[in-house]
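Note that the chains take the letters A, B, C and D in the order they are written out, and that residue 1 is the start of every chain.
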């Protein structure tokens, strides 16, 4: 019962916060609501026994990405921004399509068939700790994708510099 | 015990809200944030799948998604900056160079 | 049946004729574009050399046979049974000569008038020459089609790059018009290919018999390609635009050679491959020809643009050609071939002349002219020769061709003969009116003080004058080339008793 | 010997080539020597040919094959028989005299060499025409003379009226040639040949044949004859294609004399005479010829009555006299027609050259109302012109008298169904001819001078090179007829009708069905008619000079119609030229080309373009729209999977 209540709180808050994020006129407010949203998602992860994921959710998303967003938002002209409508003209179409898509996705949930259960039972992860279990897997079986991810980050770093840098001349 | 479906409905709802944001917002930064929202929705479902199937692969995938999201955010925001410098606007409805 | 003769000359002359301009064009690539004089001299040398080489065809052609001569045959794409197969008979040999001669004159006339992208211009011209020769020599259907389409590209560029103010419209129109027709021809070629047991060999295809329905369909497919090129009424409207906008050399080649290919196509393919359909459809073709003659002529009366007038007169004159061809008798067909040659010479010369004066005045509006005869007497007297050749005055080539055609046409259908003979009245009307407005009357401001033609310009027109009188006074030099080939062709068309026809022909094609 | 005949046309051709190539730079003022030498050479050979023919030779040979295509073969070849020889003599003689005359007349003209080269080219073409041994070569010469006529009428090309007139002459002739050409086609299809000899010898076999022509069954020989006659009508300026000849007077006067009086315009008569074996087989065709001739001669003569332009009056007189010749041919009297052609060449050329002499003196003035009393200043011109006028009016024992009398007698007695009718018209025309000829004489040479003082001051007799040809032609105008003295008179003085006997082998000689008394009556009657015409002119223009004005006022409507040549030019302009150009502009260019063909040709791509520009509107360039559509696509895919 407590679990349901707990999930209910998180689910409700996450949805409300998501709505606030996409509807606020002022981008700074959106970012702030998003910050709160990310913390709640991290909480949900904890609830699902994924403490390492919860940790990087907070560190990377809330700590790094959102701050980056905030920086960029502050570069924009906020005064003009908040005096304008936040939605494009065709927003009802977007709403309609999204709604229908939601209905159709939800309607297939009933036909979900569970696959085979893996070896990482809650108890097994707990005994080893989540971080270690993930780390083992990451550095053995998923070593190659991991290296590629590092390369992607490198490319992103270089790309961001190249794109954001002003042209030397002109 | 919370059924898996509840998580999946939550995930779907967040995803759809993110999608709605992407489809309707003018400001390109908010659109970008909507994309992040959608990624998070996916993450929720992945983590919950992982939990209920007692498998680690969902977590691994989430790990990579977050990595890619970080990279994407960096590049995307850099593009927005460059765009803003050239166009003096962050509103997508004012960018229609591709109009046929 | 043996249909070819061994090459009387010891060397592959046709391949040389096709390659020589291409080699020249490639050579031009290596000359600096600033060195215009060298570019022009090389182009001239190449084209003159090609022309001199083609004279060998004239002197070594065996006039006593209808067989293909100077034949070359090599495997090209064995998988599809395509061959590199070249040869000439009495119908095609003269056009190769015309093409090489006209190219020389085009190079000469472009000497001063092409001011930009000179190098590319002459490369286009030489590539065009090679493609034109290829069209007339090909004995393999696919090779023919290749040259036929290849010719479009340099012409398209000539009009589109070096043309007048409205050049892009004209070039695209020209290209699309001809392409639409050619595509239908390609379908026809493929149908023939499969029907005849996977062969592109024109000579082999000619010996086969095709069911009538198939012939009919193919006839109209080929018609689409050839009629556009001729151009016959009602698909003629690209011609005035193309001629008006094209640079002088482009107009000359267009008038002298390119539009002959349509009529040549009828002679080489439609008639011998599809004899029954040609015979049945001849009345329709005669009617279209008569319409073209009268229609083109009357429209000329209302033209205000020099080049447009001559372009429409081409429609009228080519109407005579198709009339002769589809009269399906000796006089008509021989007259038609001769008239193709004549039209190439006369209309080519008229466009050369217009180019000469356009270079001086930069106007094509007839009303801007007047009294040119007073300031440019030599030019005026050359022009009147062309005018009267165009009208068909005896002793000029136009008369011989038109007379034979009308005689043949009259033989085939009295109405066609009588109605198209009225074309000679209209012809006199618009040409003399044109001449009067441009050359006679008081000297207009625009032409006052113009310098008479230079030696180079005289050299471009003189060959035409000589040919006009040569063909006019002693046409047998040229007619004698055609006799056996035309005879053979007409036997095939009017032969009647075709070999037995396969029953399931249509299903075979469609399979 | 045979080959030397080729020299007759070739010498002028050579002169033409030399003059046109070298004239501008080299010969200049000496251009006439080449041409005159050439035509004199031709004349000599022609006279030799005359003696050959007189001694019974008939020359017919091919020089080379011109065209050969299937069964169609035609050569350049020469046929010299009695008819040809007469024409040769007329052409070379007139041409030579007019060449000489031109030396004086054209002196100082900037296009001197050009003029003489055209004259040579004309002589060449005309000789090719008369010497042809087949229809196609005839056609060659036929068009060739038309070309020269075009050049020479438009000689002063900077004048719009001159270039208009040249163009008009050529195009109007083309209308006639259209029929002529089709005639040749039918001859070839009938006889398989276009040579005179086989055609004429086989014509009899087809006397009753008929042919389906354009859906009508017609008598073959009538059809051929009438089609050939179309050509004659054009070239000889008969109704309804006469309109070009009066305008042709824009050319220099020697040209009018040579081409538009003595030689070229008579080619039509020559053609009819040459084809007499065909014409004779068709009564209908002959009737048409006779009536066309008669009506034209009357029609032209009435116009001639009121014109004031010196050369145009003579031009209408030419049209009228040509009508006379056709009238003769039409009643079967080809010899009479050719005889009149021969005499007419002399006196009409003379009239024109005298007119040229007058123009020369008057400084280009052509209006006879502004002349008068010129006999005082130009005695030679006056006398020669007077004699020519007497000759054309049929004054007894002058050239015109014999030929005209022969025609009228043959018309009256020849047995043609329309003979009496055309005789009556002929006689009336004789009266009118005499009247306007002398009206011209009296207004020009008598009375008082009505021009400006300046002009009067300049009046002078023309130079020798002009007057000598006048005098020579004058001898012809007097004596040319003496070779054809009718038996009625000839028997009294012991001479034969030489020309009729000479021509008999070619043209035959129909006998008149009448008594000597009738013949004498006709002769005297027509002479009296001619004299009364002269008398009336004398009365109106010498005794009562105010009378013509009063009459013109009295019958102003008639006068206006006559003065405006029955409005034929305006009529043609209205029914042929304007509609054609209107159709060209408004129907063919405006509707068929622009609205129908171009509409389809441009319509297809335009439709594609319109469709794609509609399609283009989907591409708004807004990212959200694309994304929404993408989402819709996903939705559709999901829905499809769900609902399957």
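Here, a contact is a pair of C-beta atoms (placed from the backbone, for glycine too) under 8 Å apart; a residue touches a chain by one contact, two chains touch by 3 or more.
None of these values were measured; they are calculated from a predicted model.
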B-D or A-B, whichever has more C-beta pairs in contact: A-B
Computed distance of Cα centres, chain D from chain B, in Å: 98
Centroid distance [mean C-alpha coordinates] between chain C and chain A, Å: 73
Distance between chain centroids, defined by C-alpha means - chain A, chain B (Å): 7
Distance between chain centroids, defined by C-alpha means - chain A, chain D (Å): 105
Numbers and ranges of chain B residues touching at least 2 other chains: 19, 23-24, 92-93
Interface hub residues of chain D, defined as touching at least two other chains: 622, 624, 628, 631
Contacts with 2+ other chains: residues of chain C: none
Those chain pairs that satisfy the touch definition: A-B, A-D, B-D, C-D
Chain B to chain D touching residues, read off their complex: 19, 22-24, 31, 92-93, 95-100
Chain A to chain D touching residues, read off their complex: 88, 90, 93-94, 97-98, 100-101, 104-105, 107-108
For the chain D and chain A complex, residues of the former touching the latter: 622, 624-625, 628, 631-632, 634-635, 638-639, 642
Chain B contact footprint on chain A (complex, rising order): 3-4, 7, 11, 14-15, 18-19, 21-23, 27, 30-31, 34, 37-38, 41, 44-45, 48-50, 52-53, 56-57, 60-61, 64-65, 68-69, 72-73, 75-76, 81, 84-91, 93-95, 97-99, 101-102, 105-106, 109, 112, 114-122, 124-125, 130, 133-134, 137-138, 142, 145, 149, 152-153, 155-157, 159-164, 166
Chain B residues within the chain A interface of the complex: 1-2, 4-10, 12-14, 16-21, 23-27, 29-30, 32-34, 36-37, 40, 43-44, 47-48, 50-57, 59-60, 62-64, 66-75, 77-82, 84-85, 90-93
